[in-house]
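Right after this note come the structures.
Shared between the two complexes below is chain A, which pairs with chain B and chain C, respectively.
So, the complex of A and B:
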């Protein structure tokens, strides 16, 4: 009964999506479940996870009507809640285990849920919309299953999902990492963006440009940029395309081992038909798997091609800010990746028009692309470009949804105790941020047991986290180090005076 | 004074039992939570029957237990201190001879024969005019959040805190109840309510069953729920055998501290009943414990109140009344003599502060036991009105067994507690007290104690500013011009407050509150900041950390943890960092200078 089987098996992750508006009548509880991982768990176990979640959502609303259950901390598991859409909840249950370093920061786990949902909406639209389109739930289930499974496969290392643990405490999922541009390069990029914007004639396009796994430029809102950036780094950039070789990206490391291939996409998560009140997706047609692995390659014309959306079919994505759909075209030259977004409304003749736009890009922008690539390559400091000697840091700008951090290789040199102390400090800051609506202005410097200084600074929507292992003894020395860093790398954003 | 029987007689106040099933709000009522768990066929059916109320023959239906004289409380001496409770009548009855109230002892495993077998009578029978006296309390201390208003408008209410249970007319269907900032619940593992800070336990049977369902649902899955977070709310769970404790709070306190509070609440219950209650539940899972705790509302509410003003609740250390070294030594010698005559512990206390204490050989008193014991004595009216001999249990010392406590108040503040294992020692302890009183009067100690209360403890204003020692006290040697000494108010360089905890002695000293930390609300807020700092320094598995500097819009806080001591200091948020460090050094020096007066020095073998 219950979750007794939680500890059995090697898989310690559970992830479910459910709709509180469904399955209100006795005997129909299964109807609530839209997604459950791992899919081979018994219904009663699935229902037990969802029953507890729903019970606590209702319970906490008695006292906190505006913010229902966010997390359940039990002795052996953390249950992380995220209300992705009104009444549509995602819950992740992870097993705590100090020995295998399963020490989490809840907010980091919630950002995983947030990211997978944002990406889903970007490709498929909202979960609610799909439910309304087909109220039996077959459609949404058939979409969610491959999507989330493909996403989770990115986190697969060895036989287990590698969730963001304390080792990734100096990273921030759901933010964009930027390339710093020299003045002349910035001018070149600006001019390139101008050309890209107008390559579909009078209709304004959007563009997102990346160099390696760093953002060079965007014309989208910060929220949309985060989504497009995340997807690009997952599947489109040169690092992503050379799948198998490890990417040095801040957030996505490790090799990609596609797991879903063993399961046919047509298999629904809730077993074969009959048991479900919903139709088995018979009317849903072919299910598209936007996050499918190893499906992108570079075509002869420099544009990336995939058959995920069908032969010669160009994918479309939904932009949150305007709720418009855009064709997603990706052009790659060396390490430069250009994501061009063309409004679907402007394309009358389908792929014919798309080819025309591509033609325009090649004709009008090739020279500029060459030049930009050259400038960026020349100024490129390599993987450790943003390493600052003596510091291990993470800098987050919440307004712009941008972050910069010490390279993972450098962070890995920190002692485990330092990382754990910093992780704990970040948890404290998360709590403080959660409590006040306005932006917090605060500073915490802790000298940990192992003499490392772990530091958090919050100022006007910007956050700086730092571990200084070789700082000398005093608080004032540590403060001076932060001050120097702030002046040199943050335009004094965290300076005291 | 009221006898214990009065508390169990049916009330004629007209308070009616609520509908046993108070679900008026089908959308959000807690019953729904349970039905959700149940609808999944996975929760155990609650064992609370709707008819459970009929088992009660009265019990907790006093309108309110706050006394009418309303002169209790007030901000002084480092916190909100209760004083002069029912002062006058207490003096008159001081000489009432042996009056062992209901001297029935609950032996291990034995079912208590009467509802108040704990042998003492809490606050009873003084219910007139209560409503007018706790009005201010509603806004300042307790604890309805004002919607959309972060209203500090209430800060001028200097919380006249009154003991006892409030808002008994509420239950989980009332909005006002749901909006209380901090709930405490004790329930049995069958879901029967034992204690609720707000509302009538009877009416909360359904809610209690829901809490039980959540706990056992997770337990059935082979896990144990510790914390649920929702927005600003935290729901903290603590399971102690057959007893479940739950706190629901939006007070911005840390999980660790809330859990510690539940632990103390449990300890307070054990102090009254001993752990042998576990056996009652073994015999009968539906055992109803509420009658056993009849009349103890004031004890629990006073403990809950202390969570927001008494640092001992999170420092796990006790504090002493400042006294000349020789006087404390002299007092210790007399107490030592008392212990030598077969007494386990002898304590001379002043409010919650220790004047002196000694223990029999090898016996040691845990600071938490001391806290719970003094809370029990201070909050129970009957101890003040006559000398008492009462069974109590020290949960950290031995949770299984009752000791016997002889308590006598010399005046409103000062009292002696003599603890023995012998149930027939009353006359002996009384003799001890008489001898002790003789010495105290002859040596004038009681009046020195009174003077010390009046004078208060260390003040931040007294921390010396030694300009000459500047370069030697900090190794930074910043010889720039000294900034204006009077940054803000309070002590030098914006020092507002400090606490110093001696790890070796298990004692702490806390400075008196100085401007600008004057209102109860500000003091509570500072303590909460300290609590966070404490939790942050003592992270499980990682800590303790060595140093912490923390600045936000309210304070600059500094903390040092060394093998010998811990220092917590609060400064003006704009205080200069280098200067603050220097001042902290001076505070430590200052405490060391006066340690013989502010601490009880190793007179007795304290070795836990």
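So, the complex of A and C:
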């Protein structure tokens, strides 16, 4: 099959997950490896990558026990470290290559690792928990393998994985993009949320509502919202369902070609077939692939259905904040997607109770859903709704884990040099932020070689990045522009003189 | 028969017009200014004339329906079987059909007479009264009254059949029993034991009088809204019913408030409560548009404006006699509803509409249940959201304290994500009080994000002084000073900045602040503060140098 040549040939990406607590004795090193991509590399290659990473972690921990190694910049590669869970590390190795636009921002890459891990935990629980459930590691490997592979398939464009490069410097993975609501629309939405909350009787449900690919409302904590939102945009929203149409959201890459879906199905037998050191190979039943492609469709009653979890089986997800499990029900009406989370504790009779909850939603909320959809459609400004002419910006609110940016179509009009300069600036800001745990206020304006002003402003947990290509000559003009933007669109959050 | 339509002018009668018609009998009530002439074999064909200032208006001839009896003998309609009543300004004619045991309703329009349904009757003897636009059908044999509200399309009775009871005018003590009605006449207070309900000697007079020839008294019928609401189970339609009452507007209002409170305390499904709230809000909105609420609004305004800014503590200490609303609050907390109604009796005459303003709903419903519902704050927040949606749909405003309360409730149940959504979407309207509550809730829950929401709100409202003070409190004294410098705010005590900087032991900052303050505040260099801190700066720096 074509896969081997594709992954090791042109592919420069390597991604591994390993557990520092395992395989500490000679001859058992393979035990550490929980996941390795590409899977067809020899164990010795895999071990050399992991061994280097482990060595660096151990070494740097001597000086900085709490925050060990974050990145190694080698001459031709960058190694990005992420400690997903205590002693469980994810390392991504990417090749540096200016010619093919392989210019990254390390934090953006780390956010990819963070995202795939959060999503994994949301569906399968923590890696540590699965390891404790089955200490041979077979269970966790059989889960991680298809999960991460399915996730990576989303990044697959053309013949290689397209990682967030400098072209995506005006986006922030791991944040939520929100729809701005007028007060009356917000009240209608909240009224709907109230109905959804009480759809399972006295036990309170949670809900996340999206319109197109934007968040409308949530009752979850910001962290959990980010995960549910990311998954919804990847697989559930109308745009995700009508796969093939490209989206403006960074969460979905261009079209998913049939070649990839056939590829992803061929991965599983390969993975479980012994390429991995899967211990005794004990099979623990069917492995579920929550991120599998093209598996969701809209049912007759408006609820989305999938057979990923089996015929007529409703998926459950784990909410970080409370460590509770919830059934995930998705109702869709036109561009409105409602993700309803029903506590598993509230469901006694399995699918019977779930169909009762669905019935409740249809009976109690239909009228409100119609009304909300109508209100939102009326106020919907389209994909370019948040474009501000003359500005190319990214606005991040770290408290709420929310971001807003110029639409990608508009960002694409920036010169490559401007983007590279902005990417560099963001890299600097990331480093500066990483130096202390406290929030930092800062303001940086840099003039790029092509006379573009690239600007970063951080103020009390909010960040604003900007590229002004048409700004006139002086620094004063540039800061004035930022000031105007801040007053007009951020209610003065970045006004610091 | 000839009909003479006459006008009385001065002391003379003058023949104005003569109309000729075949008439078996006629009926007239002054209230409706309507004469109905019955003709035909069964006396069921009618000609109607209405006397108005513009002259006599002739109504189209119409026929009443009569069921045939089994013996095929045609029953004849008599004048006693017809009742003319006015409810909600509409004229109705009620016709008793003994064969069918139905009471047919005819509504008179300007140019048409339309039958509008029938009511079942349960007694061969029947009479009709109207009180406060309600149709009371006395089922004389059964000695009960069935009340109908013709405003709604449904012809179902408002409540279960109720007995007619005698009640002394002053006797608020006797009201404990579930009573329906009856108030004595002016004099001759016959002892109540002697009085039998529905005696043969009773003559029912439209609209609401009963002439009792046996006891030589004139009775006036009076509605006991409490009893009616107690015997009705559908809260939403009961609220609608109460909102239409004019005669005892205040009692209706208090009952509505009580019902609203109860359904929330009973934790009825949110959809039910929503409907109830919608009823009250739309009724209020309607009465404001119709102008019936205006007069009391002024009176209310004087009573409630001082509370807007005042803290709940101040509110408690105000002389309770001057403010009826206060009494309600007190009584409620002591749990006695009976007193509450009495306390408001004195206000009764002033109210012309039972409409409840959003502010009153907040005060007497939401604020009063908050303490008891705090454990179920999620439910209460859902109800408040519906309330806000309802008043926003009617373009009304509400006391901003409801937003303060919403923040408290959301913070109590640790729903910070929603708190943030409510704030950014402006469901919680920004105000100084709201901002302070956000700061407070943020402090209590040690949630910096919530505090920031409060700070951002202060900044957006351009409340410079409060914004700067809060920033300094949070330790952001440099940002605060920078902001003060930019907006030329000098009202914040300079020592705040200086002490904060001194406490943080940062001499550079202290020096910078001294410099900025001396530029910002004219004459700052002459103040003792300047000397103190300047001295401190010099001492410390020299000691550091040494």
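By definition in this document, the second predicted complex is superposed on the first by the 460 of 497 C-alpha atoms of A that agree within 3 Å, B and C clash if a C-alpha of one lies under 4 Å from a C-alpha of the other, contacts with A are read in each partner's own complex, and residues count from 1 in each chain.
Please note the rule applied: a contact is a pair of C-beta atoms (placed from the backbone, for glycine too) under 8 Å apart; a residue touches a chain by one contact, two chains touch by 3 or more.
None of the values given here were measured: they were computed from a predicted structure.
Participant: Here chain A is shared; do chain B and chain C fit on it together or clash?
Facilitator: fit
Participant: If we overlay the two complexes on their shared chain A, which of chain B and chain C does A:428 touch? Say first, second, both or neither.
Facilitator: first
Participant: Go through the superposed model and pick first if A:220 touches only chain B, second if only chain C, both, or neither.
Facilitator: second
Participant: What's your read, chain B or chain C touching more residues of chain A?
Facilitator: The partner making contact with more of chain A's residues is B.
Participant: After superposition on the shared chain, which partner residues are touched by A:132: those of chain B (first), chain C (second), both, or neither?
Facilitator: Neither partner.
Participant: Quick one: classify A:301 as touching chain B (first), chain C (second), both or neither.
Facilitator: In the superposition, A:301 touches no partner, neither chain B nor chain C.
Participant: Could you say whether A:441 touches chain B, chain C, both of them, or neither, answering first, second, both or neither?
Facilitator: both
Participant: By the touch definition at the top of the document, which applies to A:40: first (chain B), second (chain C), both, or neither?
Facilitator: The answer is neither, since A:40 touches no partner chain.
Participant: What angle, in steps of 10 degrees, lies at chain A between chain B and chain C when each chain is taken as its C-alpha centre?
Facilitator: 120
Participant: To be precise, I mean the smallest distance between any C-alpha of chain B and any C-alpha of chain C in the superposed model; what is it in Å?
Facilitator: Scanning every C-alpha pair, the shortest chain B to chain C distance is 5 Å.
Participant: Touching chain B in one complex and chain C in the other: list those residues of chain A.
Facilitator: 441
Participant: Would you tell me which residues of chain B are touching chain A in their complex?
Facilitator: 28-30, 32-34, 36-37, 39-43, 172, 178, 210, 213-214, 217-218, 220-233, 235, 248, 250, 252, 255, 475-476, 532, 536-537, 539, 541-553, 577-578, 581
Participant: For chain A, which residues count as touching chain C in their complex?
Facilitator: Residues in contact with chain C: 181, 183-184, 186-188, 190-191, 193-195, 197-198, 204, 217-222, 225, 364, 399-400, 441, 460-461, 491-493, 495-497.
Participant: Under the stated contact criterion, what part of chain A meets chain B in this complex?
Facilitator: 1-4, 6-7, 26, 29, 44, 47-48, 50-52, 54-56, 58-77, 98, 417, 420-421, 424-425, 428, 432, 434-435, 440-449, 451, 474-476, 479
Participant: Taking the touch rule as given, give the residues of chain C at its contact with chain A in the complex, in rising order.
Facilitator: Answer in residue numbers: 269-271, 274, 378, 381-382, 385-386, 388-389, 392-393, 415-418, 420-422, 425-427, 448-449, 452, 456, 459-460, 476, 479, 482, 486.
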